[in-house]
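In order of appearance the chains are A, B, C and D, and numbering begins at 1 in each one.
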Amino acid sequence: MSEKLGRVLLAYSGGLDTSCILAWLIEQGYEVYAFMADVGQEEDFAAAEKKALAVGAKKFFLADLKREFVTELIYPAVQANAIYENVYLLGTSLARPVIARGMIAIADQEGCDFVSHGCTGKGNDQVRFELAFYGLKPDIKVVAPWRIPAFYDRFPGRQALLAYAEKKGIPVVQTASKPWSTDENLFHISYEAGILEDPDITPPTDMWKLTTAPEDAPQEPQRIAIEFKAGLPVKVTVPADAKEYTDAVEIFLALNALGRKHGIGRIDIVENRFIGVKSRGCYESPGATILRAAHVDLEGLTLDRNVRALRDQFTTIEFSRILYNGHFFTPEREFVTSSIPASQRTVNGLVKLKLYKGNVGLYDEHESSMDELGGFEPTDTSGFIQIESIRIKKWAQANIRKGQAGVTPKDVYGSRV
Amino acid sequence: MSEKLGRVLLAYSGGLDTSCILAWLIEQGYEVYAFMADVGQEEDFAAAEKKALAVGAKKFFLADLKREFVTELIYPAVQANAIYENVYLLGTSLARPVIARGMIAIADQEGCDFVSHGCTGKGNDQVRFELAFYGLKPDIKVVAPWRIPAFYDRFPGRQALLAYAEKKGIPVVQTASKPWSTDENLFHISYEAGILEDPDITPPTDMWKLTTAPEDAPQEPQRIAIEFKAGLPVKVTVPADAKEYTDAVEIFLALNALGRKHGIGRIDIVENRFIGVKSRGCYESPGATILRAAHVDLEGLTLDRNVRALRDQFTTIEFSRILYNGHFFTPEREFVTSSIPASQRTVNGLVKLKLYKGNVGLYDEHESSMDELGGFEPTDTSGFIQIESIRIKKWAQANIRKGQAGVTPKDVYGSRV
Amino acid sequence: MSEKLGRVLLAYSGGLDTSCILAWLIEQGYEVYAFMADVGQEEDFAAAEKKALAVGAKKFFLADLKREFVTELIYPAVQANAIYENVYLLGTSLARPVIARGMIAIADQEGCDFVSHGCTGKGNDQVRFELAFYGLKPDIKVVAPWRIPAFYDRFPGRQALLAYAEKKGIPVVQTASKPWSTDENLFHISYEAGILEDPDITPPTDMWKLTTAPEDAPQEPQRIAIEFKAGLPVKVTVPADAKEYTDAVEIFLALNALGRKHGIGRIDIVENRFIGVKSRGCYESPGATILRAAHVDLEGLTLDRNVRALRDQFTTIEFSRILYNGHFFTPEREFVTSSIPASQRTVNGLVKLKLYKGNVGLYDEHESSMDELGGFEPTDTSGFIQIESIRIKKWAQANIRKGQAGVTPKDVYGSRV
Amino acid sequence: MSEKLGRVLLAYSGGLDTSCILAWLIEQGYEVYAFMADVGQEEDFAAAEKKALAVGAKKFFLADLKREFVTELIYPAVQANAIYENVYLLGTSLARPVIARGMIAIADQEGCDFVSHGCTGKGNDQVRFELAFYGLKPDIKVVAPWRIPAFYDRFPGRQALLAYAEKKGIPVVQTASKPWSTDENLFHISYEAGILEDPDITPPTDMWKLTTAPEDAPQEPQRIAIEFKAGLPVKVTVPADAKEYTDAVEIFLALNALGRKHGIGRIDIVENRFIGVKSRGCYESPGATILRAAHVDLEGLTLDRNVRALRDQFTTIEFSRILYNGHFFTPEREFVTSSIPASQRTVNGLVKLKLYKGNVGLYDEHESSMDELGGFEPTDTSGFIQIESIRIKKWAQANIRKGQAGVTPKDVYGSRV
């Protein structure tokens, strides 16, 4: 069959799924180029390239996106204390925009009318990839095989994929498949689906790939220091190793190594996906967890109360939701991030931390000055309280008139209403 | 001197400050009644009563407020995941409203026109107490000696208080004063002021009163289970001890004992006070930390996504701010808490936890069912993404028309504007 | 053809579209029952019933939902000052939940497995109806012909519908079709689509059905009074007519009559639909506009500042978005409306209004007492300002240290960052 | 008496109050310089200068701040649709920061250690002025006579001021004092206090200074056009007069003249002051009202839905509160305004308006293109609705299991909880 349908750039992982998708796309009549992004995951890129070409890809592209991943995605998330539903640090969400941008850049360069990916039809990543594609190149066409009945009806399970791979001469690694899916980058690794879909299943201890279990972490705490400028880490010092790191990517890798050793950054949660279903996810984000704790601590010392309150209620929450839902290349993301620099102007200083068995402790010497308590008299506070109480007294007087004074213990939920 | 000024109810602690205040109020011409609240702090109430009467109080009142503290203040805070500036669980803020209400009840009963307290003139607690007094009894008069120049000019330091105590025959405990202030109740203990005002001072290890240091906590994790109904804990099970707790106060005390043993719930932060100064505070909230982690986890399984998002952005943040700023007896508190029950209707289930050296791990078997991923087709998601992308494509088209397409790496902060 | 597919309850309007849909559903193999809701629109229900039965409906149901429309939907919207994108009072959005509930009640009673409607595939109403159906009866099946290719490909325009009507013997009213769509109920009438899709087209003056143009309204202002209890209108007095209205529906109809006469409540806007497209809509909401102005005014006099601020930022905005997007039967709607009563406890009083050529003026005598300015001393304000300025002075000192003091005129958008 | 206390710069108005304050400050021992700001109010500045020097001011300064008032304060407020408590356009709040900055610039230049003003001790303006002073020059000292007992006890009423004026030889204008206070600038005029404190008093018709009453406005509508770039007006066209305005100040004055003629921009409200009391205010903001209506309308056509929603809920509300409470020179103002430009990038186009007897009608031809409805299929919407309904169906299923399905009419306020 000729490539009559056009040229498609496929986000290729080297695994069984995307190899079968590659072969299937060729079978449908596409000319397929394969794309891999290096966002810090542990991967044999050379083997993947060889495999993609063997399966039939006409070209293979590897984009090293680690630095832009750190400086353009992770850094604003650090400054904004981004977090989804109180616990998830958004490691996968953060990587998707740079990968999508890398793909669109190659698609533009190589004249691909189509992009394709191997995301399932029930997850967040399909949404994140595709909205990013459209936000960058609105006329791009997307081929999502796991949402095309001709594909998913043909491959109802792993066995069908294996049979197809054999038929197409796709080499299959002989190790048994893990009973879950993972996504790894230099920010984190995630585990989901498979046996993890049952929230009553405790993940097997050997699932956790990045971090030592807190129980197995060193008995001795380790002390490190992180210096921030405008809310961003500019130097990490590890006295025990007599090491200093100042490069953005190296800082992240160094914090990862420290966090992994000390069992920091494991979570196991049930979260709400953009499409409205609940989903269980296990995550390891060692360096990111350390960095967030340090940043939040430094903001306590350096950020104005009202800026912090507004930033927490608006920027943190909205930026996190935008990232999670795949709305990075949108006008609302531009709007929300445009307020971040003004919030970080004063977030400068050194934070010293103690890492110990899953704990990130702030232990001393912040080297950032705190306001003193001076500049006002105790009698000023009397005036402040009198003014603050004006409307509260009015309310209390009205309650008393209605026989609803608050002295008697009563239900707190406003049952008087 | 006769008690010509009237009758004052003094919040008495048994310590040097409020004993001197008691004597000073009498000296000014007040008839003084002393009030103590039992909110779970470790205290020799009998000795305090004896001392108050010895110093000159005409009457002494002890109010056991533990149960209403747990059920009326702590419980809504648990349901709302209340937290101030990302880290502080609001232990002191939560106790002030019940103590103030206890005092106003006695002031009403005993015909006191005045209430008095020993809070400093630069802290939050003076505001919390007084706004609560005014919200309950708007015509109450407050005597705040630490904001009255005649008092604070006379007692510029501890020595002046000791001298006054000697002169007034006030018995002084011979143990050296701690170089910080504390506030304790069954939710937490706080440490602030004194040497802690310098954020570069690491608290001495013997300051921490409630919790074992994580380093010294048991090497063996401990497993427990908490059952929730409508977002509130109704049963705590401790298998190793073959114990079950179902009473509200006992549940809290049991979780405290477990948390203390395993080094859970220490924080050391710089926070922004209501009056606008920054302040360093150290806190131990063992049981509350466990309860919050369990509640947040269960909400992941049981709370609708949109309810959770609205509750997090509105109720959690506003209720926490209200508590911190002492606005409990206000119309806005009624307004905000009135939405809590509707958010907790579905928060039912069992959470199993592993406590280990400062960590609260969620380890398995939630016994609360999660949504299945069913009920829609992968092709539905295609439609969802198409609709979601409509306005994003329009934006991208406009960007392209203006030569501002997002493919080239660029600053994320909207510098194109 | 037998009715092998099952029984469907069709939201029937009596017009050409739903009559053709009725015939087409029968043709497909459904047994069709027709449903009409009386939500106050001007309609010949008897003629519509006759027509539905003539076209082939097996049964016809007319539900008078006016009272529940007013008391269950409109009233909370009045209390919450619901408004979408600053201008739209949500008249269509408010009617959809009661109509959907009325349909589901009949569907349950009559054993219909399907419901059907004539909404287009690009508007909000399809979403509002269907999400309401699912929120009430999650296993209901929806037939939306305008999203079924077999239907919309067959009927690409009005001519095809007319031809089908002729073939099926459907009586067609001979008056020319209006070049726009309308939706009418006792809250408002809307006009959209057709020639209105071009925002540069001024609506023809004879489009506006409900209200007199301000230019043609009476030269004499008219004075009326509205009495509110807990934020709801309980009495409307029209002195010129010596009339009083106290029934919920009658109050609404009386305000409508007054507003229509005086040219009140016309708007012509471009709004953002839930599905992300922009849409031009013209609306007349005479009574609702008067009621909102009166309610907002009374809240100025009676609502606590902080409750008002929180309600405006949270309840008003979120409830309006929920209504607009068709999320009425959802947990988030329950959550959001649960806070409304606590906000309206104090909203009691009489508001006097002057209606004149499109203006709703508040003219005098509120008969609701305002706080007096008493209860504090000017010197208290000095203390308040000193405390308020603590953190501002710190910020200014830091600016001065950095040479960034604000005295020189400069750009306000934080360019110093 | 020598000027031993130092040099004070007094915000001088030329009226009785600040003339007496001027004399009193000299009496206290200050050297007084007088300051007036021209922010567009109708005023005889030359007469005021003469009077100030006659009363004893050593120097007199007049600062023309009209342009920076428009471009630095009013313009961001226009872009953000700033409004307080739904109705007040913040005219006085907007002028205070530029006046305070003008004063601090002169105080710096002339070596004044003190600034003074004649604001009352119960209003917002004292707070706005003083927080602005401190935010610009944290060590400035403020003399606020109406909060100094020695002053306000001496001058309990107008008679005492008149007697003092006679004694000090201060010329008093013979016209009777108005029974209210006013503040005027090119954005608006306000009326408050005096007889207006009683909300049951209808303002006398001759109080309104700027605008014709709608009843007396022309019978003929007038059509104008406003062109916006990045959310700011760049050209106003008045066809009937064959006039065009492109200068920032002239645009504002032209819109004012139009609004005044057509009775636009009167409001009469009760608002909540920063210090917690309620206050009745009447305002005329003719040009600002027209500009806001036009800007809101254009945003409907040009602003992305999500940007608009976030901007409305965050920027509009927070910036308005910041302005009202006098927090302009603060870090939170920098934070909030830093997001405005990103929200206005697309707000370009022409708006045509019809002014008629208090109404601002949008009548046709926006000359700004709207999105078309294309780019998706009706079947896509089916997928969108299916995905949107996933969590709603789960909720409905749970309700049905609990016997709480929503079909039966019931109270909307979540009473099932």
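In the analysis below, a residue touches a chain if its C-beta (ideal position, glycine included) is under 8 Å from a C-beta of that chain, and two chains touch if they have at least 3 such contacts.
Here is each chain with its UniProt name: A, B, C, D = Argininosuccinate synthase.
These figures come from a predicted structure and were not determined experimentally.
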Contact-richer chain pair (by C-beta pairs counted) among B-D and A-B: A-B
Centroid comparison with chain C (Argininosuccinate synthase) (C-alpha atoms), farthest chain: B
Interchain centroid distance [CA atoms averaged], chain B (Argininosuccinate synthase)/chain C (Argininosuccinate synthase), Å: 42
Chain B (Argininosuccinate synthase)-chain D (Argininosuccinate synthase) separation of Cα centroids, rounded to whole Å: 39
Averaged-CA centre spacing for the pair chain B (Argininosuccinate synthase) and chain A (Argininosuccinate synthase), given as whole angstrom: 31
Sequence positions of chain A (Argininosuccinate synthase) contacting 2 or more other chains: 272, 275-277, 304-306, 327, 330-331, 334-335, 338, 341-342, 345-346, 371, 376-377, 379, 381-382, 384, 387-388, 390-391, 393-395, 414, 416-417
Sites on chain A (Argininosuccinate synthase) touched by chain B (Argininosuccinate synthase) in the complex: 68, 72-73, 76, 81, 85-87, 101, 104-105, 108, 120-122, 126-127, 130-131, 134-138, 144, 146-147, 149, 152, 197, 199-202, 214-215, 221, 268-272, 275-280, 296-297, 300-301, 304-305, 308-309, 312-313, 317, 321, 327, 329-331, 334-335, 337-338, 340-341, 356-359, 361-368, 370-371, 373, 376-379, 381-382, 384-385, 388-389, 392-397, 400, 405-407, 409, 411-414, 416-417
Chain B (Argininosuccinate synthase)-touching residues of chain C (Argininosuccinate synthase), taken from the complex the two chains share: 272, 275-277, 304, 306-307, 310-311, 314, 318, 327, 330-332, 334-336, 338-339, 341-343, 345-346, 387-388, 390-391
Sites on chain C (Argininosuccinate synthase) touched by chain A (Argininosuccinate synthase) in the complex: 304-306, 341-342, 345-346, 371, 375-377, 379-384, 386-388, 390-391, 393-395, 398, 414, 416-417
